[in-house]
């Protein structure tokens, strides 16, 4: 099935953050692809992946990277598709990656979510895809509902334990 | 014409940042609406605007706010549409608003752009809308191209002046 | 017994911070209630709890939350009662939650205490309640005195150990 | 008329922030007193004011100070009344004063509001006083309503100007 | 022997930082005393200790405290003797305590050393005492020399290991 | 004359910082070239300039950029020559650009100098070139000497004025 | 008259901060000397001044510098006298200079005061000198008293103006 | 063989960061020397090493240090050779050392790499040496290529595992 989301990792060591994103995409049945290709190390590869993915109909990119985290910005420079940035905390509390992703100049915005929040990156991608894909939108709403139910259950369990 | 983007300002004093967004949306001929309705001050109004706008087909929301900037998060809590957050620098260099927008918990991401970057907020909305709207996508690409040309002209002028 | 303090947690995972507050409220014999209801996830529930609690005579709210910690602000938007905010350290040293709680705009202040300081949140609530409840005020003063005594004992033990 | 709020300034140079508080207290017809008495410079005076004010029925203290802003903490050490802290931005974006007020140890919390937010400090005091003073509570609600109306008017004017 | 340095801890839990100071003072044979008396919790005690110590000839005070760390400032407000502040890292990387100690307003400076650097606090006290106490000055210089020798030995060992 | 230093600006608006670098390079008679070509906006151009410049013998690159300042990193990804990064203060005190330049991952270091320090960027380039170019090294030492003399003169003038 | 305090400026441009120190020293009649000699630019000169001054009986050094502010540390490395550091705000809010001065490693502490607080640097020097110089100690106490009186007068004027 | 790179550690405890640099230099067959000599503790030694090394043909210095990390700056003050700074994270996330190295004033730049990035410090040195040493340049390119291959292999392994 043709991927709608392309996830790019700056390094294989960012995979634990990516996993949170994959888990959400699978729950929402959004086809995705994942590649490892840091902005600085394998720049041509990033570009090639982005151009090909864009041509083949990928609708949203997710760039996951730490440190000076240029990856989401490089993706944004090579596509007209929206790019989601997930900053990873490696040093200085992840502020470096948060700034690198959010503080992009005109005209190459990156849709930045919270430090280490792979799951929110995937949800944002789902919301974007859901604009035209009603099935995804429904599943997104269900997932949100089921999460709310879980919060309720957590609360009940907590209150019971407090007793 | 039915708005595709709904811009919400936390305060009328954020209008100078909103203007940068409006300018881009007009260049890209994306119909939009704008309202002022801070998260804490007029919460019911925010919710009503968001629910109605979602029903009426708004595809992307942009929340522009400073300080503890809850506005984009409140929008996100009331719609399945993607929400773009533009943090405004009022105090502490805008870090408060940047955190308030980006550090949202699961499952309510906000697509955060840079501090005071209204124009990037609008571009991100355009990229999202452009997934299905080919005209917008073309105009987005043209705008980007024309910006690149402007960078070239700026460079030429600079080099001439140095020359 | 009718609760005078309503504690709201953004997530069940914030319970370890809440426990410090509960311990103080029990020492001071201040009736309280506790609920889990994050600002973004179950917004209607927050509002309903806040409105009902306000009607039923809750005098102070305590919102405990991490990340972009909108919970105390949402409570403040729905009541005329004072709201205490306890920022929880999840990322960036808790600065995100500290800003989210303290940097609230006019006219929705949140009485912010230190990062992870559930016990200070409860003490502040006790001081507020103590304005009219002389028994609470006395117990507050006793608790403070007994803490001072403990500091003395800690000192004596330390000086003894030092020899 | 006996003051219900005692405002202490760390320095006469903090008066511009205090003015925002006074303006609110006057609108809400809450009797107040104001003194200048920095924590470090005139410590005995602070203590004396706090003890006397507490005896004479002051219900809430507001400490307004910049830099290492110990004033609110010193007040808190000398009364069982709730103390509101307003950090003033003098250096490092006001972070020093924000930390000094919020990061108070057990058992001396300070109810900290945003950097330079004298008006929110006064509102918080009003909410606390409003627990038993129905007139203040009503005026607080009216002030909040009238502010919401002003936001509406600002919005209308803005939308009219935009055409 | 009459103490020349009085060390005050904000809390018994700061003792691990104080130990580094005690170790230096003992090496330099500077008589000292140590007390636990937080600024906010037992203010009268702090003041009494400071006044008495000043009268009895203490030449330098060292205040060791974390969080909003007012202790060194309170000491400074009650003596004409120099006060050394050692910020302790409890939250936000110790920035709160570093600001609380260094950013003191006129005319109550605190001689602030690095976060958790009890040993440097003691050295600074020794330098001050050494202005008139030639024996201390000599031991200070010897300690510094022996430390340099240790750096040399560490280097030699390292180079040998690399060898 | 063949340029030994290639300066790339992220935007024509960074020219005021570049000027400080040009002034130094001219004093040191190091031939240079300057181009405007932001990392994200005109990526192919950056790459082309970097590849060509590297082939033609440019020895050091200087990338001057603000915000999420990817420019120096992009240059580093396309050459084996050392790349100097000059962060420009646009928002958040220039911390975003400082991190973007310094926190580069392996194996693409950027030699980062201080925020807005175009002159130090040029000096660093001169030191690198001076390894093989004795004339540059001499002029570098002379410039440093003449700066020291200026510090002396400034001091004399200051002392005279105080006198 | 033989100087008891030696003030070193990192740059003539720091003189406006130094002036605050000079004003205090003159009020306290403490003989001082002032030199301009940045740590990196004229290192030998710094060392020579420090060694000679130490020999000639200077009791306290004050190093005033911005940016990576090594000056106070270099002084500390060359004397057994206490060294006061005054960080100057040039970039990033002066945090760079505050860290450079306070975060010194063992065994070279710098007694750091607040950002741009030349007057507190001088007061700290006076407190140190006052340990043996009773005249200085008296004048220090008078200055502090007269400042307290000024705070009183400021308060009275403020209260009169408020009416 | 005559060293081309001189590595100076501020303390033997920084050796774990230095090891990353040594590993790279050995892979690139660049002769180096390593010494431990903190800026403040053994200043004369630093200077002597730097002057001698410069005379003997060392082309690049690497200073590795934490806290107020003056070491790279002191090296820079004593040579016309380029100096690379590697900030080490000891406190406050390494921001103190990052600032101390990058925020150097004119005319003593330090080529700062990321916090704890010894390997990038060595790579930068290699790039500088590679300007004239073609063998080093080749090995640098090979190392970079082999790293890219490793990223590819990591990716393949990751994708297989996900498979």
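Residue numbering begins at 1 within each chain, and the chains themselves are lettered A, B, C, D, E, F, G and H in the order written.
As a convention for this text, contacts are C-beta pairs under 8 Å (C-beta built on N, C-alpha and C of every residue); 3 or more make two chains touch, one makes a residue touch a chain.
None of these values were measured; they are calculated from a predicted model.
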Reference interface A-B: repeating pair among A-C, F-G or F-H with over half of contacts shared: F-H
Whole-Å separation of chain centres (CA-atom averages), chain C against chain H: 48
For chain B paired with chain E, centre-to-centre distance based on mean C-alpha positions, whole Å: 51
Rounded Å distance between chain B and chain C, as computed from the means of their C-alpha atoms: 35
Two or more partner chains touched - positions in chain H: 11, 38, 41, 67-68, 91-93, 95, 102-105, 107-108, 114-115, 144, 147
Chains touching one another, given as label pairs in label order: A-B, A-C, A-F, A-H, B-C, B-D, B-F, C-D, C-E, D-E, D-G, E-G, E-H, F-G, F-H, G-H
Residues of chain B touching chain A in the complex: 59, 80-82, 84, 98, 102-115, 117, 119-121, 123-124, 127-132, 137, 140-141, 143-144, 147
Contact set on chain C toward chain A in their complex: 11-12, 15, 22, 34-38, 41-42, 67-68, 91-93
Of chain A, residues touching chain F in the complex: 10-11, 38-41, 43, 66-68, 70, 73-74, 76-78, 91-92, 95-96, 99-105, 107-108
Chain H - residues contacting chain A, complex: 89, 93-95, 114-116, 144, 147-148, 151-152, 154-155, 157-159, 162
